[in-house]
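The letters A, B, C and D name the chains in turn, as written, and every chain counts its residues from 1.
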Amino acid sequence: MAIIERPSTEIAVAGGATVGVKPSEALGVFKRPGASNSWRDWIVTVDHKKLGIMYGVAAFVFFIIGGIEALLIRLQLMGPDGKVLSADQYNQMFTMHATTMVFLFVMPMVSAFANYFIPLQIGARDVAFPRINAFGFWCWLFGGIFLNTSWFLGGAADGGWFMYAPNSSTLFSPSHGIDFWVLGLQITGIASLTGAINLIVTVLNMRAPGMKLMRMPIFTWMALVVQFLLLFAMPVITVALFLLSFQREFDATFFDVAAGADPLLWQHLFWIFGHPEVYILILPSFGIVSEVIPVFSKKPLFGYPIVAMSGAAIGFVGWGVWAHHMFASGLGPVSVAVFSMATMAIAVPTGVKIVNWIMTMWGGKLQFTTAMLFAIGLVVQFTIGGLSGVTHSVAPSDTQQTDTYYIVAHFHYVLFGGAIFGLFAGFYYWWPKMFRKQLNEGLGKVNFWLMVVGMNMTFGPMHILGLQGQPRRMGVWTEARAGEGFFNIGFWNMIASIGSFILAVGVLMFIINIVYTHKSKRVPIAPLDPWDARSLEWMTSSPPAEHNFDAIPTVNHLDEFFHRKYAEDPNSHEIKQVASAEEVLADLNSRPDEHIHMPSRSYWPILVALALPIICYGLIYNRLLMAVGAAFLLLTMFGWAMEPSTASDDDFDPPAPGEGGGHTKELAPLG
Amino acid sequence: MKNPRRRFLSLAGAAAGLVAVAGCAKDAPQDTWQPAGPNAEMIDNLQRPVFLVAGIVGVIVFAAVAWVVFRYRDRGQAIPEQTHGKPAVEITLTVIPVLILIGVAIPTASTIFDLAKTDDTQMVINVTGQQWWWEYDYPAIGDNAAKYGLSQPIVTSGQLVIPENTKVLLRVTSRDVIHSYWIPKLNGKKDGVPGRVHLLRLEGSKPGIYAGQCTEFCGLSHSYMRMETIVLKRADFDAWVANQLAPYEAPAEGTLAKEGEALYIQQCSRCHQVNGLADAEGNLIVSAPEQYVVSGAAPNLTNLMTRNTFAGASWDLLTQECRDVVWKASADEFGAKYLAGVSADCLNQKDLREWLRNAPEKKPMYVDPTKLQETGGKYRGMPALGLTEDQIDALVAYLLERK
Amino acid sequence: MADTAVAHHTTTGLSNNKLGMWLFLGSECLLFGGLISTYMLYRGRTNTGPQPDQIYDIPFTSVSSFVLLMSSLTMVLAVSAANRKDDRNTNLWLTVTAILGATFVGGQVYEFTAFYREGLGFTTSLFGSSFYTLTGFHGVHVTVGIIMLMALVGMVRRNRIPGSKAETVELVGLYWHFVDIIWIVIFTLVYLIPS
Amino acid sequence: MMITTSSKLLYGLGAGSLAAGFVWFVANEGQQLGSVMFAFLAVAFIFLGAIASYTRDGHVLSTDTAAHASSAASQKSVGRSLWPFGTAVSAGVTVVGLISSPGIFKVGVALLIAMLGEWMISNWAERASSSNEYNTKVRDYLVHPLELPVAGALLLAVIVLSFSRVFLALSKSVGAIVFAGMGALILFFGALIAVKRQANRRVVGAILGVLLLALAGTGVATALDGEREQLTEAAEEDHFAHRGCTEEKEYSDKKASRAVSMKSSILANVILTEDGQLYAEATGYPGQQSAITIQRSNPSTILFVNESSEARRMVLSYGKVVEDLGDGVERESALEACTSKVEKGGQQAVTVVVPKPSSASDEPFTITVPGVEGAKIDVFVP
């Protein structure tokens, strides 16, 4: 930052005239930062690719934190009367494990992929609102850190990630953990909302010429559906969180039963958000495997329009099934029956997807790369999770299984076996695009098999535990009530715990793989198109330049890149390669676009985001601190609003080199 | 295949690729596949075919994946035709699951309404959850009074006693947070939500003890919140009712139990009610737990030794041998053995004494004095009373007479 | 350079900002939907404090609703002035809209104070909590709108609205109309329909 | 020299915050939060300073002594200052507040901080260069982000609060009329100015200023004058806090009838029929009951439905409570919960927690309707 002092020498020379004094058009202390290669560039960047990488790295750190929490839970339950954690710590552990995995790992990891690849896949140079994009990332990161500081400030939230009222009120949870949870999720919620608006506008408005909706890669499609889900689900949880925080911070009565409140209000609000949330977590992974499977089958996605539409259908029907989380909470038979039927209905579009993936592979030319293995792993494991899901839609049966380990098994098959396997498929598939080097395939396969074995060993036995009647969220079990015979609750808990450590080793292999790939001199730079891929993101350099494409391609097909490389022989009807990836790219870049304007870096996103946790600490501990945070917020928002959307060339620090060198693109005031 | 675990495994095992596990728990106390009453049977009749269908579908999908993976692996074949799908295949493969689901949906809907039926109720019992135990009260109105001889309300906890082959309607609610009442062998679960009354029907077709556990996360000691439902033959049930309504018998003067009574009045009666217990002036003592406990209630101990578990049904009042005698008794003998209650020889001294010595250590509760302030100075469960061993002897002697 | 934004090609033809604003307003609908549902669930629930019918001052609130409605009219005038590139009238109508908005908020502050005096505190009852939360959220939205209007006035004055001035005014106008419409819903559901 | 002028200021502020934090820590034992706040401030300032140093904001090469000597920072301060006066006035206000009221004291402290801040910044800016014009620019550049939003917020607050104070002083009916008048006036003036295109900008500005002043003045005047009588009365009497459960009409019974939006939380409906019969319908029990049970210590909601032609209230009596008034004096009062008077066809719910079992009381617990003979439901609390 530069407080204006630059002119000193010029002033001396020019005798007080303001030659060279070109204060920024911005009304603020900060001048716009220029491009640089230092860490500073990451702080001020508005580049969707850099933000995507930051999302990914930070989310992976939270994945490890959440994983450690999970391992502690499994250690505690490994044997009878576990002593690893106290009851209080156990409750915090499973609350934070779920919160971390949902809000701080899977959602932001999806944001990472969506941020990085949506603009590339639709042939755009950046997202619609780059500064808001950066703001969203910092909000999420600060919110996540804020949430986790509760560990050191008297204990984390202990009400479960579903935080049912009235157990979440101050009377029943007197520590500040839930305050941190409520406020932290509000902050990360802002990120989800801004991200949703940003990406929807990007997808709808910034597609390359010829990129019709039905020519978009399926990952972009699924991500679009997810953003719509977020757009409408986040405000609902926001309301719920506001009500709870007003109750906890200002003694409002929303969930105070003695005042006549109905605790089910929370459940409805939570699950109206919570069920679409499930699809928010899983659909992007569906998108990723729908990219991976065709590439490694050398076939286009079977029934592309149906897969796209079934994604949209899931997104739509997903709104009408929230109460199936509440079959035991006394809704009355009519509601239960209706929601039971609706839940069955949602199995259809989901089943369609599985069928289409198998049909894509059918008759293909399958290459079992690690990415493909993870994708097939998803298909198999998600099928198990989906089928156990169907057993839940049968409401009477669900009243036996809900809140037991059977449910834990179900959603881990969906979310770990499904969502996370999809993300890992994405890691292996897109790694060379993002980081120039291919992850080692050998280590990758070890990674995959360890994860498959670990995952099934951990969560498979939980089906049995649940059917034997072990409830969820119980911190200890006793030998006395574990059942008789060798294969009792104790045995299966032991197996699950052992499995969880195998799973952890599997994840560790991934980290080892990354370190090996990037530290070893023997790993060469990956070729431009290592997988013989099909979509636009591969039709540029790896990693892409800041402006993504030297020339924005015109799209004529679904799988445009593939069709530029291959053509059908008119005589033999065989598919023949007509151009290499390098040739396609060279051809495209032979007519580069001129006057590419890229968004300017800005300090404001991180600063505005920084104000939010300060306000929240203030809300919990001291209202004065809150006022300080609010003032800071006001100031930074003013700075942001006054920062010109179009920075002039001399408004850089250091000034942009030469005429037309630095470059900004037109950003409207909201951006 | 009689053993449901085995059947499930053959499906799940095939599904997860880990078959080969030969046997399972012989008798899990909370098994969801061993119904012992018509309500649970209704659920069981529904879930077995559904699981079967799900298993079959699963096997078909896995077989398809396995076939594809085997058949179409890259063996140098030509690049396949770039086909975008065959509408006929897709429509067929969409219609099939729709038909299966319709097949599942129809019995589901009818079972939902069957389970919700309440108009032929024979007995009504209020069930109230609190942190971390269940209270049952048998109202003395309507059929309860007219047909089952309940001239006075009965208040008990931990173990719910119901007559055999009787349609019992539980009115489930809660005093503090949400709990969930679940006896897997008798019916599915139903949440007890504060401020609301939810109806759950139980009916046991065979005398015995049926275990369950609170399944809605309810705070610190959620894992220690268990319950049992006891099904008795009608005659045994009548005997049980008569015993519950019998007047209070004070311990004989000069016995250890009499000392225990004094101690009880001094230490325990603030929260724990013993019906008929009177102070030195002869005034009946009414406990006032809501002054000391957040939930506002503590278990009624009038007939403690007729139940055979305590502290939210988490620990046995019977030693292991005596427990087996009752829990494993045949249906015919069960009633008599249960009604015998806990004798001095059979008392599980270890757990009960540990409990009296320091309850929060055994079952976590917010009794940390620094946290008391935040809940208005009220305990979340039983505090450590700081009793001496002699005092504990006396109390145990007194409690042993509460049958 | 500023005018390139208008010319910038988008796939749908709508500008990014306008599409973004529409999406944001769509999301806001759900936010108010949640708050209104909460209020509808709890509107009659009170053990100690007054009930809705006992404290609502319908004539006053009707007038203040009317004032807010009128502000939508002046907002339209501001947008049309901006479209004509008439800075003077744009500023004038933006200012009038802001003042009308401030009057409305003033009326709400009065109403809150009066209700509080009559015994309806934020923590008195479920009705109180949900009433203040719902109308308070709306009040905050109006206030944010006023701040946006004031900022617009400042920007027009300094001739500093980048891109299309008219579009920026239009965007704020969209937001303002949305807040108005939400108020109509709230006024009807909360005040007029007897509980 | 490595430390540039702007970073110097920020480092100074950081060091000051650190010192303040230390003083706070020593002065307020056990109150760590203040120190944490100051520490946070210090970190923030030092961080900003570090960035400033890093970017070497002046681009004055450290070796270039000539440039350094002629740099902005080395220039003499120019111009006179009003800040000492403003600071003195604020200090005065603070002292007056210290003696008279905490409100004024807070205003004084806020003023003082603002004055000192402004003084510091202007002083700093005055040294930026020898060019006054440039210095002003620098100053605005630095302070506008703070001044403009605060000024805007204050303006908004003045308008909003003035309006609300005026209405609080007016009577209910007049309030609505005045409100409408104000709205019309604003619209009228707007239209007038819009039509009169030749209107002088300054004149318009002046009119606006005068109107604002008048509004603020009226606001202050009415605030001092106090609220309208009914409101003061209502606040003093607290109409709703002490509701009697007799047959008489109470203030809180005015327009009390209401329906309850969601019925699922209702433990029992208590219905008063047209012919004065009272019966209960409770979840799970078949038919009409003359007795209900309520779980002890449990929030239970009972809905009263009045089908009779008179306005009636339902009263739940659940024993007595003995209060210790000190000095051995005890007061016995009945424990009662009741609805307001409900009109015909109206319903009202009451949520109650009964702490003691009915067996502990000499009198049975009942639900009655004052004024209706024989209307009684027994209440059992086990």
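Methods note: a residue touches a chain if its C-beta (ideal position, glycine included) is under 8 Å from a C-beta of that chain, and two chains touch if they have at least 3 such contacts.
Quick caveat: nothing in here was measured; it's all calculated off a predicted structure.
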Most centrally placed chain - per-chain CA mean versus overall CA mean: A
Centre-of-Cα separation between chain C and chain A, whole angstrom: 33
Chain B-chain C separation of Cα centroids, rounded to whole Å: 52
Centre-to-centre distance between chain D and chain C (centres being mean Cα positions), rounded to whole Å: 20
For chain A paired with chain B, centre-to-centre distance based on mean C-alpha positions, whole Å: 39
Junction residues of chain C, two or more chains touched: 41-42, 45, 47
Chain A, residues touching no fewer than two other chains: 257, 259-262, 264, 330, 332
Residue numbers of chain B (touch at least two other chains): 194-196, 199
Pairs of chains found to touch, sorted by chain label: A-B, A-C, A-D, B-D, C-D
Interfacial residue positions of chain A with respect to chain D in the complex: 1-9, 11-12, 16-18, 21, 23, 27-29, 40, 257-260, 262, 264, 330, 332, 614, 621-622, 624-625, 628, 634-635, 637-639, 642, 653
Chain C residues within the chain D interface of the complex: 40-45, 47-54, 57, 59-60, 62-64, 66-67, 70, 74, 77, 88-89, 92-93, 95-96, 99-100, 102-103, 105-107, 109-110, 113-114, 117-119, 124, 143, 146-147, 150, 154, 195
Sites on chain A touched by chain C in the complex: 25, 128-129, 193, 196-198, 200-201, 204-207, 211, 231-236, 238-240, 242-243, 246, 250-254, 256, 259-262, 265, 269, 641, 644-646, 648, 666-671
Chain B-facing residues of chain A, complex: 86-88, 91, 158-160, 162, 164, 166-167, 170-174, 257, 260-264, 297-304, 306, 328-330, 332-333, 336-337, 340-341, 344-345, 347-348, 351-352, 354-356, 358-359, 361-368, 376, 379-380, 383-384, 387-388, 390-391, 393-404, 456-457, 460, 463-464, 466-478, 480-489, 558, 562, 566, 568, 573-575
Chain D partner contacts - residues on chain B that touch it in the complex: 118-119, 121, 124, 126, 128, 135, 137, 139-142, 153-155, 169, 171, 173-175, 194-197, 199, 273, 284, 286, 288-290, 295-297
